[in-house]
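Here's the structure we're looking at; comments come further down.
Letters A, B, C and D mark the chains as written, and numbering starts fresh at 1 in each.
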Amino acid sequence: MIKVAVLGATGYAGIELVRILSNHPDVSIEFLGSHSFDGQKISEVYKNFVHILDKECKELDLDEVAKCDVAFTALPHGASKTVIPQLIEKGLKVIDLSGDFRYDDISVYEKWYGEEHSSPELLEESVYGLCELHRDKIKNARLIGNPGCYTTCSILGAAPLLASGLAESKNIIVDAKSGVTGAGRSTNLAYSFCECTENTKAYKIATHRHTSEIEQELSKLAGEEIMISFTPHLIPQKRGIFSTIYINLKEKHTTEEIVNLYKEYYKNEYFVRVKDKGDLPETKFVAGSNFVDIGVVVDERLNRAVVVSTIDNLFKGAAGQAVQNMNILFGLDETTGLKNAGFYL
Amino acid sequence: MIKVAVLGATGYAGIELVRILSNHPDVSIEFLGSHSFDGQKISEVYKNFVHILDKECKELDLDEVAKCDVAFTALPHGASKTVIPQLIEKGLKVIDLSGDFRYDDISVYEKWYGEEHSSPELLEESVYGLCELHRDKIKNARLIGNPGCYTTCSILGAAPLLASGLAESKNIIVDAKSGVTGAGRSTNLAYSFCECTENTKAYKIATHRHTSEIEQELSKLAGEEIMISFTPHLIPQKRGIFSTIYINLKEKHTTEEIVNLYKEYYKNEYFVRVKDKGDLPETKFVAGSNFVDIGVVVDERLNRAVVVSTIDNLFKGAAGQAVQNMNILFGLDETTGLKNAGFYL
Amino acid sequence: MIKVAVLGATGYAGIELVRILSNHPDVSIEFLGSHSFDGQKISEVYKNFVHILDKECKELDLDEVAKCDVAFTALPHGASKTVIPQLIEKGLKVIDLSGDFRYDDISVYEKWYGEEHSSPELLEESVYGLCELHRDKIKNARLIGNPGCYTTCSILGAAPLLASGLAESKNIIVDAKSGVTGAGRSTNLAYSFCECTENTKAYKIATHRHTSEIEQELSKLAGEEIMISFTPHLIPQKRGIFSTIYINLKEKHTTEEIVNLYKEYYKNEYFVRVKDKGDLPETKFVAGSNFVDIGVVVDERLNRAVVVSTIDNLFKGAAGQAVQNMNILFGLDETTGLKNAGFYL
Amino acid sequence: MIKVAVLGATGYAGIELVRILSNHPDVSIEFLGSHSFDGQKISEVYKNFVHILDKECKELDLDEVAKCDVAFTALPHGASKTVIPQLIEKGLKVIDLSGDFRYDDISVYEKWYGEEHSSPELLEESVYGLCELHRDKIKNARLIGNPGCYTTCSILGAAPLLASGLAESKNIIVDAKSGVTGAGRSTNLAYSFCECTENTKAYKIATHRHTSEIEQELSKLAGEEIMISFTPHLIPQKRGIFSTIYINLKEKHTTEEIVNLYKEYYKNEYFVRVKDKGDLPETKFVAGSNFVDIGVVVDERLNRAVVVSTIDNLFKGAAGQAVQNMNILFGLDETTGLKNAGFYL
């Protein structure tokens, strides 16, 4: 059994981790870290866990956590800074759900986050945990920067075209829609029921940090610098990211050709489901699961591919992918504990 | 492995069965029956199943189904009439999700359903599959009438008080609220998004069939005839039944006393979670799980207990309880395949 | 033109007042009071008002308010204590949306609110502003205690039966469901989108303050002391109160008889719409309007009437009724500015 | 009083027309046409109208309709074909909510609708009723093709840039999100509550008919042929269109410059509210009103403007704009009956 600590267990990503891990056959949850709920059972904070997991949450105790094999850190930005180096030093594998260890180039981090990075050496050795693209590096990593929700959805949606050389590098647009759990367990008025329901809005246009994460990965895939427009929207549902991606094609192609390109690219990927021509993904097909569903239409009038990609932001966009990373790290079948259909209803 | 057939696999209760069974370690899904989608893969009808279960749905074929150990019948009222006797004859165990085999007294069925019962002998031998109350009889049954969603929630909410002798038999009110999946996979305008969202209504006041099922069970528990007011409401959410039950007490009691009575009554029941005094259930604690959450408040001014009970209508109120019945029937641990926390988010 | 001040204009009841008053042909909005948004335009706080009303919100300024004819006070409990006596002294009519001036008997207030009343003399002269029941007294009042949302819905639903002498005084149950705007403009986690949507719960069972308001009015109607069970529930929609009311009948009656009793009782009330036999109200029929829709079913098995009553909690349950009270106070047609169909969609 | 007929009064656009017209001070609703509900009162079909408008719906009767001054036709595609020429012949003004009379070039219609146009002469004389752009022509029209919901939102969002000459004509992307009322009063399973709530999807990528309407208007504004990518999405709310529009700029500009361009362009337009820099629209600001809210951000990295535009699809996107057209046609103040704040809540 892999001994696991979840730090920041009572946020929305944290509790989704706990939910997935509590069903994982090879995992023993040893430590639930929570600053706000120190001393309370996780089942008092999330009452769906009564009879399932009644373990107590605790303030971070390095010695206790050190007994684990792996720590998932789902801590507020900044809180992870001091903790992660200590965990690494104690010999744990760390899968970090913050943005701190997702970058190849420290200057990109510092530009988009507007602050100095606190652990440049760790950033250097950390691996970007987008499993489908970096599986080999993940296997031997000590520290994994688990990708963001928007980024997982958008990068996997664009990857086959960018890698193929068929795409123009300019005029790539990612128009993304997110459910409200993406904002975390927030008491901000903007996320209250009466302000969110029956409402759609865009936010952080041209400035959202995930832009830089997407650009980093697409640039590597394309072999040249890619800059994109990324527009996040908030939509009135709990779970789900839906990215609509516009990519100009260098030459004429049919929808079939590009669908086939996607199918070929992902043919060995269990968690990526490329739709047949004429079929399109919906967030309800992936909610509650680790799947990425992708559909492609080529607008032949404009010689432009429109790719629609969807994930569950809490699952494949956070906790599920973190567990997938753990499976890779510990040599398990990558789908262990993750092989369930989504809720749909 | 238990070989399983699901007849009516593409309705909402049916697909929830398929979802639960696809995670069950001791089950092999052998047959998916669907009249409307004969020849289509289940993963084409419910696209959350792609890569999970791509089995084809078929028109009912008795010889194929006969190879199974058990059949779940989630058929439209009437359709099950002819099918179930044939399945029983072939030697299968049958767990029927319709209302046809839930009654001790055929005249009650005929009064509330307004028609003759088609299989009086089978009704006679059938067992009412409310696991927590009839576990012993279920073990040896051939045919189980799986309880309705409103009824499971309401009966288990009222049972300890009725069985205790502390409750007055008159003036029992069950005010119940149901999510829209309770109406099934319907194209009726009344269940369209624009008509349902931001809307609450009551329906079938004083005439809903589940009234008779609740009365039957409460009468047995009380040892006298119980008649109740039962009012179903439709609320704008997918999953969840929430029953608010009003029961007059013969003598004065405190909330603690009645909470303790409930805790004692259900002390061996994994799937029933009685809340401490001051704590109350919510539908999100049970959604996506087989749990029943119950809270009790005694209004000492009025000497009346107010019991609030909640389940997921598709899970404990249909498919989950059906699987729990299967577990009992086949001598498995009753919680096999059902031991997961709800979604919450 | 009636000069109007709205104190507490930026809460949900306050802004609904502003919305209704901005369409009222005989009103001039002179003062918008807001502690939190002093100096900001109302159209910056609620951006639906841009181009409609760009008036600035201000900290309370008694001299300015004194120039008005009437003040609506939608202030937090306690804040109104000192303000209202001053307004009355300045000669304004006051329509207060808090619970402070709704009681005939100070001891009832003090029992349910757990504190001394700060203005016993004003309480004495204040009039309970349930227009359909107290129109005559309202006409000449200086201070109106505008009824609560649950109470308006529940009292009007029960009134005809209680007033008729046909109802038993015991075993009256009011099971009420409220949309989330009922909690006001709150940043409490419990009212966040992710915690509220797809969720139903009961709260404050047997202890909600509105119980006492309902009991006061039903007792007057019945001519004897009435005590009820009142259970509020939170349902996942913005607007709407839906009360399901159970009342035992002294003698046998048919649904037609009781429907006719209701129709006769409300025959002169524009805002009360009694449904024909077989027809039932839904919250979407009243959302965004000042109507109360009421349906009645008699359960002849039990000799019990089940009354379902629904209003928009922000409109007839708060702001709309406040304007209706103003219309009465100033001798206008009672429906002025309130004669619109609800949203439905 | 303007005598008005609404044909197709019981669809969602039709009933929104009836709701708006019932508040219009200069209108008398003379005829409500409905094939499906012939003989029923409108208040039986939409029970929010009880006491407001209890008029009977009737099968189309040309002689009766001929007594009116204007007919709004909200008929199913095809049904309007034969009716509209007859109405015009009878001397009525006609405001048609279908797509039939929105085109300058019959071949565009025939290409995107896949059929011959039935009234080429009427198409020729008809005026495209986007009030803010074609007010002068509307004044003297007999037949107005009332714009689609997606198109109103998208064209008005892009117009100032296209008209300015600052925009590149290539690579214009319109990514649009619509509430479910956009699908009309439909019993299609895809629009049922359980299939729509908690779900987002794209549909008709690269083939939606509104593409052609947007292109027609943008081409006229730009003075050259514009072809766009238009992607409609269905989001889980009732009302609201939200268009995110990507337009490359020929030269470098700041957000302030483009915001000012928009403010100048719309400075005389009551119903268009251009947001200040840093402020963005949300659908809840416009729901239930005739406003168009527009925000602009220039991504200076990419020299690209991102414009976000939002309307209520039933109001400014259908019924409200139809009434605005009527106001223009009959020489009323354009805002008559339309000057209300949106619901917000």
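By our rule, contacts are C-beta pairs under 8 Å (C-beta built on N, C-alpha and C of every residue); 3 or more make two chains touch, one makes a residue touch a chain.
What you are looking at is a predicted structure, and each value in this text was computed from that prediction instead of being measured.
**Student:** Have a look at C-D versus B-D and report the one with more C-beta pairs in contact.
**Tutor:** C-D
**Student:** Which chain's mean C-alpha position is the greatest distance from subunit D's?
**Tutor:** B
**Student:** How far is the middle of subunit A from the middle of subunit D, if each middle is the mean of its Cα atoms, in Å?
**Tutor:** 38
**Student:** Can you check how far apart subunit C and subunit D are, centre to centre, with Cα atoms defining each centre and the answer in Å?
**Tutor:** 36
**Student:** Report the inter-centroid distance (CA atoms only) between subunit B and subunit D in whole Å.
**Tutor:** The separation of the two C-alpha centroids amounts to 46 Å.
**Student:** Which subunit D residues touch at least two other chains?
**Tutor:** Within subunit D, the residues that touch at least two other chains are 12, 181, 194-195, 197-198, 236-239, 281-282, 284, 287, 345.
**Student:** Could you list, by residue number, the parts of subunit D that touch subunit C in their complex?
**Tutor:** Going by the criterion above, the answer is residues 12, 15-16, 19, 22-23, 46-53, 181, 198, 238-239, 270, 273, 281-282, 284-289, 291, 293, 314, 339-345.
**Student:** Which residues of subunit B touch subunit C in their complex?
**Tutor:** Those residues of subunit B that touch subunit C are 171, 173, 175, 177, 179, 194-195, 197-203, 205-206, 227, 229, 231, 233, 235-240, 242, 244, 246, 248, 280-284, 287, 295, 297-302, 304, 306, 308, 310, 345.
**Student:** Okay, in this complex, where on subunit D does subunit B touch?
**Tutor:** 12, 180-181, 185-189, 191-198, 236-238
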